Amino acid sequence: MGDFIQALVAKYNYWIYITLMMIGLYAMIAKNNLIKKIVGMNIFQTAIILFYVSIGVKKGGTLPIIEHGHGAHSHVVHAVDYINPLPHVLMLTAIVVSVATLGVALALGIRIYNRYHTLEEDEILSQIREK
Amino acid sequence: MKITGLIIAVLTGALLIYATADFPAWGDPASPASTHVSPRYIEKTIEETAVPNMVTSVLADYRGYDTMFETTVIFSAGVACFLLLRIFRREEPEERLYRHVLTGVTIHVKKGGKLPPSDDFERIDTEWTPHDLIIKTMCRLLIPFIQLFALYVIAHGHHSPGGGFQGGVMLGASVIVLAMSQDLRTAVRRLREKVDALLCATGVFIYAGTGALCLLLGADFLNYRALAPLLNVDPIMARSHGIFIVEIGVGIAVMATMIWIYSNVSSSGKYDEGL
Amino acid sequence: METITSIKPLLAVLVSLLVTPILVSSRASNVREGWTFVAATAKFLIVLSMLPTILKGTEIVYTVVEFLPGAAIKFRVDALGMLFAIVSSSLWIVTSAYSIGYMRGLKEHSQTRYFCFFAFALSSTIGVAFSANLLTLYLFYEMLSLATYPLVTHHQDLEARSSGRKYLLYIMGTSIGLALPAMLICYNLAGTLEFSKQGFLAGTASKPLLGLLLFMLIFGFAKAAIMPLHAWLPAAMVAPTPVSALLHAVAVVKVGVFSVVRVLTGVFGTNLLLSLDFSPFIIFVASVTILVGSFIALTQDNLKRLLAFSTIAQLSYIVLGVGLLSPKGMIGGIVHIAMHAFGKITLFFCAGAIFVATGKKNISEMIGIGRRMPVTMAAFFIAALSITGVPPCGGFLSKWYLVLGSLEAHQIAILVVLLFSSLLNACYFMPIVYKAFFCRPEEAMFKNTVQEAPLFCVVPLVVTALISIILLFYPQPFFRLASMMVHSITGT
Amino acid sequence: MSQHYPTLLVTVPLLAAFIISAAGWINKRLCFPFAVATLTVAAYSCVGLLFRVLHEGVVHYRLGGWPPPWGIAYYVDQLNGLVLSVISVSALINLIASKRSIEREFPEKIGPFYTLYVLFVTGMLGITVTGDAFNLYVLLEIGSLTGYALIAMGDKDRAPLASLNYLYMGTIGACFYLLGVGYLYIVTGSLNMVDIASILPGLYQSKAVMTAFIICMVGMWIKMAFFPLHGWLPNAYTFAPSASSSLIAPLMTKVMIYVMIRFILTVFTPKFAFSTLAVSDSVVWLAVIAIVMGAIFALAQRDLKKMLTYIIVAEVGYMVGGAWLGNRAGMTGAILHIVNDALMTLCAFLVVGNIVYKVKGYSFEDLKGLFSKMPFTMGAFVIGALSIIGVPPTCGFFSKWYLISGAIQASHYGFVVALLFSSLVNVVLFFRIIEIGYYEPFGDHHGHDHHPEPMAEAPLSMLVPLFIVAAGLVLVGLYTGDIVNHIIQFVIPKGLL
């Protein structure tokens, strides 16, 4: 039990992201409202972003910008002093992707709403069945 | 469906948590992620690209190819929203509403009727469209500062957090704020739909075109070193400048796309007064 | 055995395919049918031109494309294939003439489609005859199924649709469900699909697996109409008569039987079958089909259905002959391919001629028809004798050899089956002939105005009937080919 | 220029997409020639690249001049080359074939439609050519986003919802993949496929690697509509406009299968996938269920397009099952089937496109008497049908041949039975269509005096591409031996027997 709690505490960042992600996933599967599903999707994507960003952390590292800027060629840069920039770069991309997906999803949602005047999936399906 | 969702979510979560057992401890500087590929970015960024902000150098140079597609993703989202929503031919409504800006009086104009030639009227779509002078004025005052700051963010991306995406979003936001505080028509009058769409394509084209230019100059795609003779600098600085050119492209594209998506989504493609 | 490489087999296959665009584009029906004749004659001549080479004991091979080692689209002309190719290509010429008479006589619709698919079917038949391995055989077998579907369902009415369904269900169901996996298992066992003199499966697998393979391959080629997979054949009789004649007396069913013979001789090989003692199984299945088929034929009133069941029974003679695994029996079986073809096609032609002239399909309505259509019914009589196996017709010879073969294999039961089924044949054919000629005039069901069918119909059936007789006296080419085949596989 | 083929085939369509987008605002008539020119260049580069790979072996390309694993690199081997050629050629053919229907369906939005079309192709090509796991994700999203939009433009009532459901599922799939890549990154520190592959052998027992593999696979399965994760596919492809469905249906699932095979063969080795992780048997059984269920659902449909979508579900089962049989023949069959199925699906959906163009419907009711109305289209349909059934000499037969051989060698008879079952069901499915087109409406009596409907064939610009594809089905079938001997056999590692 002690080990378990230790593991839980030492890797709490992963637990948090997984919990968040599962909330998103659950919303996407279980929710009936199309917009709530989109919200779930965003939570899901954000959780992954959190996960990636947490990979980049280094204890004792600072943000990945070299302080002295130009003229610092003589200055020796140690990798341990700066956090890992790569996950941040990747997540910039992921953020953009999630924004783009959100845009398209909303556009689709609007089209559905204009046609059926509701965003509840079961109501839409029953309207389709009636036809 | 709820039970299924719960089961799936719990199972997936359990699998993911199970895997964390073999993960390195959080923030461990000796973890593979911190020791395998990334040290080069940190240690060589100045030497190889002359950009102190590693996120910028990785984003626009080491992994610049990703970023090009990232911009393309945004661009395709813009085109997608346009394709899905935009309605061109609309029936002219029976009567149009115009509001006299200074007095707040609403005039109904029947189909075929004309309005006295005056700049004091604005077109509105519903009677209850609010008329809020304070918000309008405040936003109008704020917008220049937002835009100025956005330009700074783009330009200073080499040395501080920032870059094309962040700056582009701010630029876009400035126009969106205008559209929200006034109405969409006002914003579109400032930045025509066609111009916006062309800017959108141009922005990404600048990025991909820079890459292709390197190709034409005999180097690999997106290898900015090839630009050195054109820019009249040494290859390392050429990389730095190349990054800057590309960031400008990203900024334009992101700005234009944000506005494009907003206008289409907020007005359901009708390009009327919007929200 | 010597082999030479020549493109002739491919040409023989393709010549009728190449002519289809011309058939489609030709506007005048005379032009279209002229080209059909050209193609048929060309095909026959190409096949015939290979005959001397084959008779010399040389084989002709041609590889089109190789997919895998041992599995290619490859042609090999040997004695057995040659025999089958000669029969089917020569009968195509006759049938083409007959088709013209029949189709024009009945003013059928979509004649262009009819002639095209006929040509296509013939290509596939020759392809099967000349195929060098199981894969090529399977390929052309499937092509034939597809090419004959529009022919079988030519009338495009409800009856044609249900028959077409049955046809495809049986033919494609078995070929995909049984033959295809069996072929793949064979390939995985032996690493090749090339037919060889002693089969390629020897020593590759245990007896139960080989037994299963034999079962799958014999029933997989359901065109052979071995019971219980025979039901498609009577159903397919909704087709126009020339189709029934060529395809269901010659091409389709013979392709089925030919495939079974190839499987028995080229895939398993006689030695393997003997050593594993599979012969009784084949003989049993074939005998049952012969007897049951003949009995059912006795009960039929529709002439074409009667002929169909007669075909089912006769096909199993061929399987039986080869299944006996004795040299004489095999020769008898293989020659029966030719003898039965000429006899049965005549019978179908006669049925068609009667239909064209009178519109009647049922035997009970044909009393006294011999007086009105004496030539047709005389030909019918000759062909019936040939099928029954009575001189002066070619059918006698093949049955004689089958009887000899059963004695050679010490299968007295088979002898009884053969003789009894001949009796049955006589029982269902002779009453028709008797009623046609010898009933009293007042019983006749036809007006005096009924005449012989058009010349295009009559001449072909006379020709095939005459050939049936001639084959008794000059069976040499076919016997020569059959015995070459048998010698090459048994080594005697 | 030939050393730049790997990047040209992606960047030329990319650049052109922006030009087409701009042209859409200036002069709509320019869009189509631009798109054709671009995809021609892309197809030329792809085929050129394939030949270069065949002559020289694996082609490397460093983007931005950075050496891997720091920069993004392309590794093009025979597998990429083959799939790339198929993608670009079929996209080009479909582009030409669907010109008329696009012009009729979206007269005002030609520009954005072609932009997204070309971007979709860019995405597919990029996924296939890239050697970087994260780059693959970005391109996957390009392909998906454009795909959602292209699909949603179809049936006004149903398409947006179908597309939105696809978007949910697609996003989950892509996110799972991204998460898998993240798990790999955290234990290896690299994103480059070859680099990851070189680090992984020491980590095969790691729970993180196993989980990464599983979630990557699940993500891909969602994207490729592997049963039971196929829910989004039938509606999305059915209600899409003809031009989109004949673009997306042949490519999307096939590209994801390529990605799966790439991950099994290159990133994780076959040893890990088939031996260390003892799931291959279960996956093949899942594939068996996929095939059987796909076939059964297809039987239940009353319209042509939806029937075809369920056939795709079954075909995905073929390829997943073949790849997971864990032997050479099965893998060969799966790779070969990527090519064949892309062509087959393209052929079938082009036929649907032609029918929709002329008859304005695709339910079985609309197909009556089509053989006399559109004989050439239906002729091509028959060839496509034969290929899907697996009748020689069409290509479908040969991939089925390898798949069944693989199953026999692996003694997985359930898979053999499933394949044969689906072939038989396909016979029923397609001959049902052929019957409807051939017989109905019935003649007055017994077929005589039968007056066929007057011919109303699709325009030549739709027929010629269709014929090319139909001929391709037979040609690819005839050259199967060459494709296997000169291309596919180099892809499969020597260790895999």
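Which chain is which? They are A, B, C and D, in the order written, and residues in each are numbered from 1.
Criterion: a contact is a pair of C-beta atoms (placed from the backbone, for glycine too) under 8 Å apart; a residue touches a chain by one contact, two chains touch by 3 or more.
This structure is a prediction, so every number in the text was calculated from the model and none was measured.
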A-D or C-D - the one linked by more C-beta pairs in contact: C-D
Centre-most chain, if every chain is reduced to its averaged C-alpha atoms: D
Subunit B-subunit C separation of Cα centroids, rounded to whole Å: 75
Distance between the centres, which are taken as Cα means, of subunit C and subunit A, whole angstrom: 70
Euclidean distance of C-alpha centroids - subunit C vs subunit D, Å: 43
Gap in Å, rounded to a whole number, between the CA centres of subunit D and subunit A: 29
Per-residue multi-chain contacts in subunit D, two or more chains: 134, 138, 141, 145, 148-149, 152, 160, 179, 185-186, 191
For subunit B, residues contacting two or more additional chains: 16, 20-21, 23, 33-35, 37-38, 41, 63, 66, 70, 73, 76-77, 80, 84
Residues of subunit C touching at least two other chains: none
Which chain pairs touch, all of them: A-B, A-D, B-D, C-D
Touching residues (chain side subunit D, partner subunit C) in the complex: 386, 389-393, 398, 401, 404-405, 408-409, 416, 420, 423-424, 427, 431, 435, 438-439, 442-443, 445-450, 452, 478-481, 484
Residue ranges of subunit C in contact with subunit D within the complex: 64-68, 72-73, 106-110, 135, 138-139, 142-143, 146, 150, 153-158, 160-161, 164-165, 168, 172-173, 176-177, 180-181, 184-185, 187-188
Of subunit D, residues touching subunit B in the complex: 4, 7-8, 11, 14-15, 17-19, 21-22, 25, 61-66, 69-72, 108-109, 112-113, 115-116, 119, 122, 126, 132, 134-135, 138-139, 141-142, 145-146, 148-149, 152-153, 160, 179, 183, 185-191, 195, 199, 206-212, 214-215
Of subunit B, residues touching subunit D in the complex: 15-16, 18-24, 31-38, 40-41, 61-66, 68-70, 72-73, 75-77, 79-80, 82-84, 86, 88-89, 194, 197-198, 200-202, 204-205, 208-209, 211-212, 215, 219-225
Partner subunit D, residues of subunit A touching it in the complex: 25, 28, 34, 37, 41, 44-45, 48, 51-52, 55, 86-87, 90, 93-94, 97, 100-101, 104-105, 108-109, 111-112, 115, 124, 128, 131
